[in-house]
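Each chain gets a letter, A, B, C and D, in the order it is written, and its residues are counted from 1.
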């Protein structure tokens, strides 16, 4: 038996020549409705392409899975960004015209939460889920069915993606770091889910909306649960109608496609989906997470280190392993100082950290983000 | 008599080769202390260069003025931005590495306001002014005397500028639009000051901090005045210790230097400074604002119009004049539609507006900001 | 009577997301074959968009003309370039990945000329014309029907355009300068044609191939005429089989669309085409060049002036008018020198010139091309 | 004993803010004059930074060498390029304003060769060497002591570097590929020198000038030797007055600094210099090339492969090893084709090649250079 998916093509943008930019959307639909629905997208940031390869491998693997719910997969989520070359590289973290981060344009209007809770104070949990999802969707529709002032390039893309994501319970946004080890952004309320990904480093994020896809999909439900709490009705976030989980999955380094690694990452995602009941374990197929030491820290302890000087960087620290206090993360070469100054400058910290990623280029300005590290981390 | 200024050079950044980027700072110091001190900077956004020419003309004109207070003038405020070419143009609104708008990196920590008011609840107005200014400066010093994680490239520049601006009472941040008429951002509490600039269009901004220089210098004082109000002590914003005014002066279009126009703009600024007592009217020198119809609107009514399609734009609307509802702002050429579609598309609004600026290029993507306009405007 | 054109869409490139870039091609076909065939393209350089508006107006005007030959019109000739934004502007003179000028990628293989002349030494003029055109086309086909190593992005576009241009006798490549007056590149052998355009400044170019469209279409014929000459058979370049003319028409400044000006430019082109017999003068339609003083110089006298310093430029010289020796073209502002150096630096030449264009931005590096000027010019 | 070097700082450019860009120059001067003088530079292309680290290690190692001639070392040769960020990466192969490759701006005027040979037809070999070097230097001086039209940004830098290089006999220009194995560009006349570098792949280049540093320093001497030959006086290129050698040393991948690898590369260069007598072998110091299989091909057989389609590339082929005909170099992912086309496209060649480098990013346009490979290679 091979599962059949549906494909449709979404129009998300137009260039100066009139060229239309489109996004392919793949979906598996299931009769069964008890399992959570899934939305997975990749490549919202232009240079972060490996998620497309992971979606390729997911589509290949899902053909032979026993699927219990609806799964939507969206590669090339942002063709404006992924087609934007600056020199040899892809300039993809922000709109090249405005500088706005493509992953900070999703919509969430806090103001609708409290009135909804009040109006639905006695509704059944199923009704709450259906009505609130409908509210979120109608808000997006209203935005897209745009007012006279129009939408920015990024909003038009983000809202179309968010419309699909709001129809799912589990949302995976596939990103990468610049030069990076794999890591996972996971909401604080659903910590145990992090154990089902083959990713050794997790950042637990709070419930504040800052514009990203993961937040845009779980924050409304978190806020709703809080609103009910204030009205005296208690739901557990992550359960029942509130069984919503969203992750930003950082697959490694940008500017790279590796189909073999992508297959491993696809299996890691399927282990999580199997744990959630989206696909069924069978005699032929059983996706289980790998055994590994998993580290985590809270978002406030995921620190960026900015270069104290301009120069050229020999990145030294190994990703993913605790680095003792005082041991250099990097050495900065400053040949202009050779002969009458200090041509090599060590960058070290006064505390133990785990380096997770570093800047994409050896050349840095004073103030360029050199490294991101875990401080005050712990084992999961 | 010719006034003498002092010049010093501030080190604000380092590039990969170790090249140091510096900013020249000019200051006139006066014995008299009753008049407000002034801080004027230009070119925080790289392509917005005309302010440098205005500072040139101000320095020339101030030589022969009767100066009653300290005036600090800072051209080339952001050499990282003004030296950053992308093709023939200057890429200057945001850090090219991160996308962050250079004029959104100033510092304001709301959390210190209420404690300060409580601790200084009975202090004299002079003491309040001195102590609070000291607090603002010490916060900046703390940031610059950086912690182990360092500062971003933009913060390092912004904080050094802000340190100077906090020592002044009147702050003028000289910007330009893309292709633009002159306009002025003015705090709501000091509306009449807008009449002293030779600028026909003013946007009144509320007292919320959004990271810009003008807000960074008046919002702390506004918040302090509010905090005292809650404690039952009333001050008038814009008077006494709270005689703080900050403006973003938009001088016209970017990518242009015109020394003749700059002289006019310098005289306009001197008319405002003479009104404030910074320079004295004399028999030889008397700077008065021009008679003109001045229009204004509130920030919420200063609207951006985003292009509903990709294409090439023939900008039609004249800046600064009311445009009737239904009359086209622009026509968008879509040659790809010629012969089997509509090659010309009119862009019009269903309400009267005053067009203030438009996008810098004829080529737009779907969602590019086409125009900014006043709606619900009024005469000053 | 309204003429009917045909439209087809040419596939010229693919982006990383698989997005296809296409070029619309419009053509009028005529029964009559005595008049020369025409090829007109626009926007090979991304920021030089006004030619698209001119093609729009040509298509509008040609509807009612009496057309005697085949006319092919190609707007948006290079969608890779015209869609490439860097910041707010279009980065369009060169491939952003390689730096190669888009208008230096056309094909001409000198080596085939002499053998062709020898093989066709006694052929009739009509036969020579047909055979040589066939040779040029087959060379392009061979390139496009690519070998195992492939084609660059720019070659794939250029060769597809050149294939159409080789089928015409008159070729107009519509460009613009950065900030510029109108000017015309015209082959030396066909000087009088320059009088039929409403363009006051013409540069006469020699017969050397340097990669551009105009050269790519007339140089092969020039070389062939020379080859016959060496074999003792004399043809006049510009007549009979060799009645080939190619122009680069510089329509003014880049980054601008102006449909009203475009109509004037379209009429100017029709005046040239009427002179060539492509369209017939009628009682309703008679396109005649305007009376004006027309200046020209040879390419070797069309000089670029490079900035002797970095700084910010107040461009002073008026385009198109002789500027006396010693009179400043521009002033360069150097605020870093204010107070302890020379903040204003005049740029002047020791000879009379006619300024034609200047750099697109006020901010220049040491060595940036400031102006292009005619020296040793003469009236046509 | 520690050798002492001299350092001076060369001013090569100015930015819009007036910021000066400088290049540090290190030189060891020796009494002895029999050994060839050496010039080594790095980082002419902005992203190719590893050569700076190699110069660091050379300076460290040379401290304790027995030096027989003058050695000049120039890191950060092009600060305009190495400081130019576009997004996170350094845009460094070409002038961002003009697109001209920084390594194609050196000077060589063929026209002076024949007259010089005629005028010095009977001069001694020593005299020829001295006079011709003087001629080359005076030509550069004339260019730098610029005419009224000025120099481009790149010429100003290139000529200042070339002035130093013309004073040496051996010239090493340290570059890198995009993502690349080490390789060496070596003139055809001095093939055996390639055996003294620890670089397994060499491209033999002909004696044609194409604007690069290596050509700019050996081509004049080659042309001179040819001119003498035509006049009946025979010299051997590479010997006596004509003992000139120039190499472009490609150190691996761009955007990377690795001080440990740099030390290995510095030792490789010292092995070549010891072979040439520049440094003396001693009991403590003996630099010998490593034993390895060295492959070479001629420049005409160093082939670029351009992508037949847009897409995202999984680069498969290992650098430096023969790849059999038909075996894939890369796979191109095209998710837009998934479900209704071919989502994976193999890129293979019909002949055996050695892959040397590939494009820096996984995302390519149709026509992007995917790989450079040796075909028709041979063992050295």
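Observations on the structure shown:
Here is the rule we go by: a contact is a pair of C-beta atoms (placed from the backbone, for glycine too) under 8 Å apart; a residue touches a chain by one contact, two chains touch by 3 or more.
Because the structure is predicted, anything quoted here is derived from the model rather than measured.
Shared contacts of chain B and chain D, meaning chains that touch the two of them, come down to A, C. Put simply, the C-alpha centre of chain C and that of chain D have 36 angstrom between them. A separation of 48 Å divides the Cα centre of chain A from that of chain C. Distance between chain centres (mean CA atoms), chain B to chain C: 42 Å. The set of chain B residues touching two or more other chains comprises 15-19, 22, 49, 76, 82-83, 85-88, 90, 93, 97, 312, 335-336, 363, 365. Judged by the touch criterion defined above, the protein chains are all mutually in contact, each touching every other. Every residue of chain A that touches chain B in the complex is listed here, in rising order: 13-19, 80, 86, 93-95, 97-101, 146, 148-156, 303-312, 334-337, 349-350, 363-369. Partner chain A is touched in their complex by these residues of chain D: 5, 7, 22, 24, 26, 46-47, 49, 52-53, 55-56, 59, 75-76, 82-83, 85-93, 178, 255-259, 312-314, 331, 333, 335-336, 338-340, 343-344, 359-363, 365. If you check the complex, the residues on chain C that touch chain A are 15-22, 49, 76, 79, 82-88, 90, 96-97.
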